[in-house]
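Here chain A shows up in two complexes: once beside chain B, once beside chain C.
Let's look at the complex of A and B:
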């Protein structure tokens, strides 16, 4: 039985590995899923490959079991994230000879951009994906330059690259399980895809931030096209760590405290006097402090998140001033007050908490599943596109043969 | 953490048991029981050494190493031995914020440094990282010490976050190098000072605290070894066994208490010491442990054993624990507890990689502590990658490699880098809203 239409979609996060087994034909459908703790990965970087492989493999095994033992999956689709992933922009340039842009001109500009981007990528890095940002015709932005008149066509490209060793190690994980990697996408794009609601029009200006455990991935769209992507190596785990340092409590307590009482805003008023009794948690008493100040805890969180959002806003403002809607997703997006904080930093923009809203994965409508759900969608779309291209090529060949 | 304030620095000055004064008075060659050298590299560190020397807390040789002649000349009145390095390279005018120049200066004066380190049992290296001499030359000194086979304890201070990305980067590199080459490595982050300064504390007060951390560390370490009044003492061989390998994680904490509640206060402070939270510190429990308890009056047996037990409960030490206590009448009703330890020894021994050992023992001048070769082969090894063998759940990001993001170490909590004092802010807000509440 050919299993080409069955694919394992894997999102290896710093805290949890999410695996979906999806059936691509006749329509996208989840047939197995599992979510397990990740071992051997910190801040989106692989620190212990053996442990990481083991934990991911066991998650895949569980998901396969759920999908039915007979369906041995051969293909995998992965997300890349972490501090080792970067992005930059390149432009390709061509002069329009006939005065009116034709398909060849578009291709020439694209080829120029690609060759420029190959020179820009250092030896130890690999291109993950390149995305067309826009066409510029005589320095004016054009969505589709075909047929327009001008002298100079610029192809503006955003390139996402990643460290070579990181990719090799990442590929090893499904390979050692007997799977071939069929798709590789940046986590930020996948998350953005997952939370793009049906009603939301394509040409929206939006910033999507996926705050995971170890890293925060972001992507900025303008008029429906990607402007820039990036990764900041700060996530929910950092908040936990800060709390445990600042409040002198154990990491476990800090994690529970964050989930139960976490607030992104240091609220004033009576809250300044509020204290949380750690004894109200089950588990042993650690250290000497039993009561922690609620205000202190919130202040620690606020400065951390404020810094994170400021870093992102600095990064995106290099490309263009931002106005539009901010979408937050990922595990930490569930924290109370995070929307208000983000809004204050991104120029009072509207902030929404995004949950994966795709119909095929209705059971996984939680922010932490954004990346994995989006990955499945991205892979399927890319498949559909390449199938379309195949048809086109076939038609050209036929024409070619008929003429000669 | 304000408890650090409780301990006036003069305590150290008075803390001299009469027996030790005579030792301090005798010149070094008259075979003192232990030859200690306290070496400061970098301008801030040399000043710290000078202050320690002036305080005359214990019998040790104090040496200031710098590339700036002017800086060293200013220190001579404290009675510190000064060593000017790299005259041929810097012309005695400092390394100019460049770690490469600092390292080159130390290399140029290698012979001078070698003879400086000769005849030492324990080297205490104090490095102020971030600028040229501190970041560059200190690494070379640590390398030399390791080559000779000295037991070295290294205290390093890091620059403030606002001192710029280059300083942070230089310091970060130097930390890795020093950590890999010292038996014990204690990091003192200047960014942590804001956490320790009580509200309204001045800038120079912050530096005093940083000094006090080094001071109490160096003096506790030395007093533990030169302990003449206590019954249980730690000798050098035992101390060396605490840190059998270079590059392991070091546990270091001090706690002070006074009055009726001295034990409780000292323990609380010990467990909360900010130095436990640094990058190179032991995050969980240590494998080897030395506990030094110093009291003003003869302690009761139950008191010592209870304190030791509680310290052990928190810090472990299941491989080896060395207790040490001293009675120091100058302390009065005060109590001082100091803990040294190491972790990662077991992990480190798994990746034993034999190094082509330099045959240094012949060339060594007499009196140097010579590690016998079996000992050295079994114990002197590199750790493969910092943190790789360690358990991930140890807590914090202490076990991951730090990666600077636009010149900032994002793993350090933001409030520390931005130097927001949590207690102070809380107190201020409480005051603000407390008055609102009343009205």
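Let's look at the complex of A and C:
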């Protein structure tokens, strides 16, 4: 029998699919989890839908078994990421007739922003999420303009949209398993939510970069509000590919090398001549004898990651120094030296490795689980908000609104 | 159009552009290949479990119905009896008479067994009911090794475990058994029957004589337990003796002058061996046939302890007067 309070939270990454079965009531808790290799997805794009469905379904099934809720989960919450996910900013403008901002003025500004948003979103795309960035009253930033004096109120909105084809294909995965998509959130926001710990961090400027296998999602917060989000199609897989090509070794060997000896910051000196004997590496590589230069390997990694961070810094328009904290999360964030590299690019900003620290998912406190844990939290919060909204608007008011 | 209506339209348009507006095609059965396979496995598993449970249930039902029909048939048909005496003398007729068995009534196996064990001749009994309704009786009987002759209760038999019982069948067959005299009967603690105390040692004596010294045994008429203890703990005492009176001269080829043999209750094997060797090497007849000898003798076996390091048993002939033997 289906249970509405149980939800499957699915993060379909290019390398791994993470599934959490969560119980939403009375408190958010993880009752089942499974992590499996993803098939049919490359660099954040679906290349084989059938294989992808099979692999994701298998992971869901295992998680359901672990939760003891086989065939009873009917809702899913997904993360969107990849090149087909975009974001843009729209503004709504209204004149404050009374000279003092009232609720109607705020509503008018928001409506104007929504209207602009509707016109700007292409036919073949749908909105995933829209977030208020800030209010501007006479071009001055205001957190809450209500009651303040001014002439012109601007509603600044950040819209995240995605391609219909991608969304339809994504929906098919849980739909074919008998699950309806109940929640859809950008992976960057989910990761940021998972690693958010203290209130003061929330207020600060922060840049969260989730470096996955195929793509890297980022979100920039300024004074606690989302400024922009984005996806860079560069991830851990690219590093593996580069190593494979640059060192003339197979991809499997390159992946193993990356995990065991990967360093994002190439160290010169004695390390220049250090070599790794692949023949004795893990006792698994047989049949040929090959030595690879450790420095060369680190240099390849550094170049690729440097490119990634540079692209992100360009996207968020940080030319010189970033006055905030940079959080790195995702599987590749575990690489040694990545913090130092990021710090050098973001103007010596403080760089931290973000791990999920939410109480309901203590067992999944690894960077690679950031997105899936954050998704569960975001869904729970959105449910709570909608419930709160329903309670606030009483039945009499709703009836009145219907009539007039 | 009012401002509120504009707002509502805008919200609706916004909703139509959100991800929720995209159609979802939820397959409730979760119809994937692996899902189908999984379901087929589950159905097969459940079906096989149901089949197994059903099979067990029908087997039990069959056994139950068969048993009930067997029991109902019993009420109509008389119960067949198979009596097995394992080489004994009791038969089915005795069983029917002793238990007052009514073949038209369902037998109570427990009562039947208790009734069988209430007869002193029955050592053990097993009463079984076959699925076809037949009653099978297995009994193990006590076999006599000696007799008791009383004036009031006639001839009774003594089994190897000391239990005393009466039996017409054994009376006909085993008239040659030695007669026990001067017996102090007791009640057997296990069975509640009359019994001869410390019978194990006496049975050993009789069996040894009967099997190893057959000729001697055939001359014996009565065994007197006058000096035989009635307590197991007294068996090793020096006065624990078994007195054997042989037949009169006509029936006794050993010698007519012997009135009594007195064996030790514990060392009777040596005594019997001594007696048998004396009879075999001719010294027995030579001594007893001498003209200067007494008319009758008691044969006594004693331990010669002149040399404590080398004691031995010896046989003594104690002369008896003709008037008072």
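Just so it is clear, the second predicted complex is superposed on the first by the 373 of 404 C-alpha atoms of A that agree within 3 Å, B and C clash if a C-alpha of one lies under 4 Å from a C-alpha of the other, contacts with A are read in each partner's own complex, and residues count from 1 in each chain.
To be clear about the criterion, a residue touches a chain if its C-beta (ideal position, glycine included) is under 8 Å from a C-beta of that chain, and two chains touch if they have at least 3 such contacts.
Remember, predicted model here, so these are calculated numbers, not experimental data.
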Fit or clash between chain C and chain B when superposed on chain A: fit
Partner chain(s) touched by A:307 [first = chain B, second = chain C, both, neither]: first
Chain A-centred angle between chain C and chain B, computed on Cα centres after superposition, in steps of 10 °: 100
Which of chain B and chain C A:127 touches, first, second, both or neither: second
Touching partner for A:117 - first (chain B), second (chain C), both, neither: second
First (chain B), second (chain C), both or neither touched by A:180: second
Partner contacting more residues of chain A (chain B vs chain C): B
Which superposed partner A:268 touches (first chain B, second chain C, both, neither): first
Touching partner for A:144 - first (chain B), second (chain C), both, neither: neither
Overlay on shared chain A, then closest C-alpha pair between chain B and chain C (Å): 20
Complex interface listing, chain B residues touching chain A: 267-268, 271-272, 277, 387-388, 392, 395-397, 399-401, 403, 405-406, 410-411, 413-416, 418, 420, 422-423, 425-426, 429-430, 432-434, 437
Complex contacts: residues of chain C adjacent to chain A: 4, 6-7, 10-11, 13-14, 17-19, 21-22, 24-35, 38
Touch list for chain A against partner chain B, complex: 39-40, 42-43, 45, 47-48, 51, 83, 232-234, 237-238, 241-242, 244-246, 248, 250-251, 268-270, 272-273, 287-288, 293, 295-296, 299-300, 303-304, 306-307, 311
Chain C contact footprint on chain A (complex, rising order): 53-54, 57-58, 61, 71, 107, 111, 114-115, 117-118, 121, 126-128, 162, 164, 167-168, 171-172, 175-181, 184, 404
